[in-house]
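As structure tokens, the structure follows; a few thoughts come after it.
Each chain gets a letter, A, B and C, in the order it is written, and its residues are counted from 1.
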Amino acid sequence: MPHKWGMAVDLDRCTGCGACVTACHAENNIPTVGPAQAARGRAMHWLRVERYWEGDFPDVRLTFRPVMCQHCDAAPCEPVCPTYASHHTDEGLNAQVYNRCIGTRYCANACPYSVRFFDFFNPQWPKPLHLQLNPDVSVREVGVMEKCTFCVQRIRAVEIDAKAEKRELKDGDVKPACVQGCSARALVFGDLNDPESEVSRLSRSPRGSKLLEDVGTLPKVTYLERQTQV
Amino acid sequence: MSEASARKLGDDLLRPLLRTSWRFYALVAFLGSIVLTGLCTWAYQVYNGFGITGINNPIFWAFYITNFVFWIGISHAGTLISAILRLVNAGWRRPVTRCAEVITVFALMIGALFPIIHLGRPWLFFWLIPYPSNRQIWPNFRSPLVWDFFAINTYLTGSVLFLVLPMIPDFALVRDKATGVRQKVYAALALGWQGTPKQWHRLESAMSIMAIAIIPVAVSVHTIVSFDFSMAPVPMWHSTMFGPYFVAGAIFSGIAGLIVAMAALRKFLHLEEYLHPVHFQNLGKLLLLMSLLWSYFVFAERLTIWYGNESSEVAVLNVTQKGSFAPLYWTMVVCNFVVPFFIMSIKRLRTIAGCVIASFCVLIGMWLERFLIVVPSLGHKYLPYAWGTYRPRPVEIIITMSTFAAMTLLYTLFSKFVPIISIWEMKAGEHPSPALFPAATREHALGETHA
Amino acid sequence: MSAVYALYPDGESAQRAVNGLRAAGFSTGAITVISGEPLEDHEFFDVNKSTWMWYIASAGGFIGLASAAWLTRMTEVAWPLRTGNMPIVAWWPNMIVMFELTMLGGIVAAVVTMFVTAGLPRRRPALYDPEIMDGKILVGVDNPPDAAVVERALTVPGATIKRT
């Protein structure tokens, strides 16, 4: 049975520190656009921490929700792409082929989670950040869409290693950058087809819910609701 | 028809082809320079990337898609209306059909350019075309953009043929009337047309087949344009009524465009004897009908959403009716409903000037309508954290303006090189002898000159 | 190549000339009538009216339909990529492409039929006179066996007889 990669986000554990966002930027060669462009809505965070204030002062509560591509099983972004740049892989990933993208930006409009990003300019990195680019991830040119891949390069690397060593993948072998960077261990990644994996267990939790479930996208990220009051 | 009136018809309608004033060159130079500016601006945008436009995350579609929908809508003036009038054999159509069909062809060409202008990597636009490439991957037929490609191509091919076929006998006329280089060029264009009964019959059969085929195609084109929106789960886009709503809006703006074009032709080419007030009156009544139909659709859409009370949709509803887009929204209501309704429903105001004023309002209103469909929805999708707003940048404004200049330029050039009123159809319209036709049908033969 | 023809100011006199030629033994196919406009209410205009164009257009539409069905299905199967939980061969969207190509096939077939059966394009008209465009109607015979017979038949009040 092929893998079906998924994620669980424990909102009780999330402190909103943003380490996952930084790790994602570093791992995936995501350019920073600078304050002027960010103010114009050009910021690119494949993973963002949404911050909401709930209630009226002084009874307010601050909540965080890390939102990345939900790798939906019925992804609205996929069928609208005229060139198959956005499509579904056998392992359930919502893949984006940069070279095939012609930049219609239709996928970004169709995405209910607004987690697809457009390269408004050719990417640039302020020195010395250009020396730390990840060689495993291609740099996207101007005019294409990009988004969270669940760190597909890491998944592939682990799968290839496991195949070379002729062993099965264990739960926890694959860790996307955000999962690795989360010190509170709020993010859990794994195979949803393995009923014993931690992510499967958490996905079955009564605290679990999907983001915008009523849109019918069948997302593969489960959010575990907050129970503590801070 | 009599020889004298045939000669007069030929002289009147060929005058723009055979004589050119300095004003024509001035107009072409003026419009041409605007179009050139637009092309340079596009090149600048391709070179610098989309960062210089106003689009942002989450408003990935804005002016260019608005223009796309607007121009495809304008294209519904011509071929569709002309085909319907041909099928019902409305006599007053004769001076109107060609100047309407030209609008279709040029508006489609301009409209079809916008999906390419708006591409992030426009040099790869041909990946939409199904051809056996070395990548061995074909277009995704599940994508509404590929449907667009097929629909627009079918409509453009059909409209060009629908326009060009009845031009052949008129080219033959110019061939026989002109001299020198003109004669050679038009002789080539006339394809050796003679005018035997067989040729006339074949031409008319082909025209009726195409008229029947082009009506569903025209409906499908704007339905598919609406599918670009309604296939995406975006608040207020994901609607079952978008197809007919867009088609109604397209015909509405198309008639407005046709009225403006006809008024300009009448004034500048001195076609007062051919384009009568009654033509404007009839089209004005159609404009009124479409205005009411459009308003009905908008009311039905908004009422349903208001009662549905689905939070994401209500957010979009509110931002257009009471929020930051309200000034544009209420301008649209005035332009598309209030003004045309009052001007067109009062007979005394349904003059040529009244029709033109109403039509200008409708053109503005319908452009705003498309803008208000595209932008507020994208700015207010489900997660409020990712909401955004949009302001156009100079590049987008210049390119938008230059397409209006391009339309005027193409129309001007066309009316310089082709008789803008189908001469043989005018002759045929005058033809039925009073003896054969009772007075009641005779009245409709040309379009009566009295109001 | 020679021809004898005459120009008539109106349909009635042209009709009389056609009747005269028929009486002189010319078949309808041998008589050439040319007008600057369709003259629906005259008998001589009623020739060659039947056409297969409607059937050919339908056949063209069917070819468009079949090729669209083939194109969409073949390409989807050739490199099956899953998108949005839809089947690989998704007939709902394919039907849209099939509709458009059906219409395109019909239109193109009708236009091609029109060009072929109307004898267009051709280099130069065999029998023609520029005065037709001023409202005259031409009636004539190409390569007549006896020009005098034709001339006699064409002589109707208002006629201008010409020879080439």
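As a convention for this text, contacts are C-beta pairs under 8 Å (C-beta built on N, C-alpha and C of every residue); 3 or more make two chains touch, one makes a residue touch a chain.
Treat the numbers as computed from the prediction; the structure is a model and nothing was measured.
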*Where the centre of all protein Cα atoms falls, which chain's Cα centre is nearest to that point?*
B
*Taking mean CA positions as centres, which chain lies farthest from chain C?*
A
*In terms of C-beta pairs in contact, which of A-C and A-B ranks higher?*
A-B
*Mind checking the centre-to-centre distance between chain B and chain C? Centres are C-alpha means, answer in whole Å.*
29
*How many angstrom lie between the CA centroids of chain A and chain C, rounded to a whole number?*
63
_On a C-alpha centroid basis, what's the spacing between chain A and chain B, in Å?_
44
*asked:* Multi-chain contacts only, two chains or more: what residues does chain A have there?
replied: 76, 79, 81, 84
*Touching two or more other chains - residues of chain C*: 81, 83-84, 86, 93
*Mark out which residues of chain B touch at least two other chains, giving numbers and ranges.*
137, 139-140, 142-143, 146
_Residues of chain B defined as touching chain A within the complex_ = 48-51, 55-61, 115, 118-122, 124-125, 127-128, 135, 137, 139-140, 142-146, 149, 228, 231-234, 378, 381-383, 385-386, 388
*Of chain C, residues touching chain A in the complex*: 81-86, 93
*Name, in rising order, each residue of chain B that touches chain C in their complex.*
1-3, 5-7, 10, 130, 136-143, 146-147, 150-151, 153-154, 157-158, 161, 165, 168-169, 172-173, 176-177, 191-206, 209-210, 213-214, 216-217, 220, 224, 424, 427-428, 431-433, 436
*Residues of chain C touching chain B in their complex?*
9, 32-41, 44-49, 51, 53-54, 57, 71-72, 75-76, 78-79, 81, 83-84, 86, 90, 93-94, 96-97, 99-101, 103-104, 106-108, 110-111, 113-114, 117-128, 130, 132-136
*Report the residues of chain A in contact with chain C in the complex, numbered from low to high.*
73-79, 81, 84, 86-88, 218
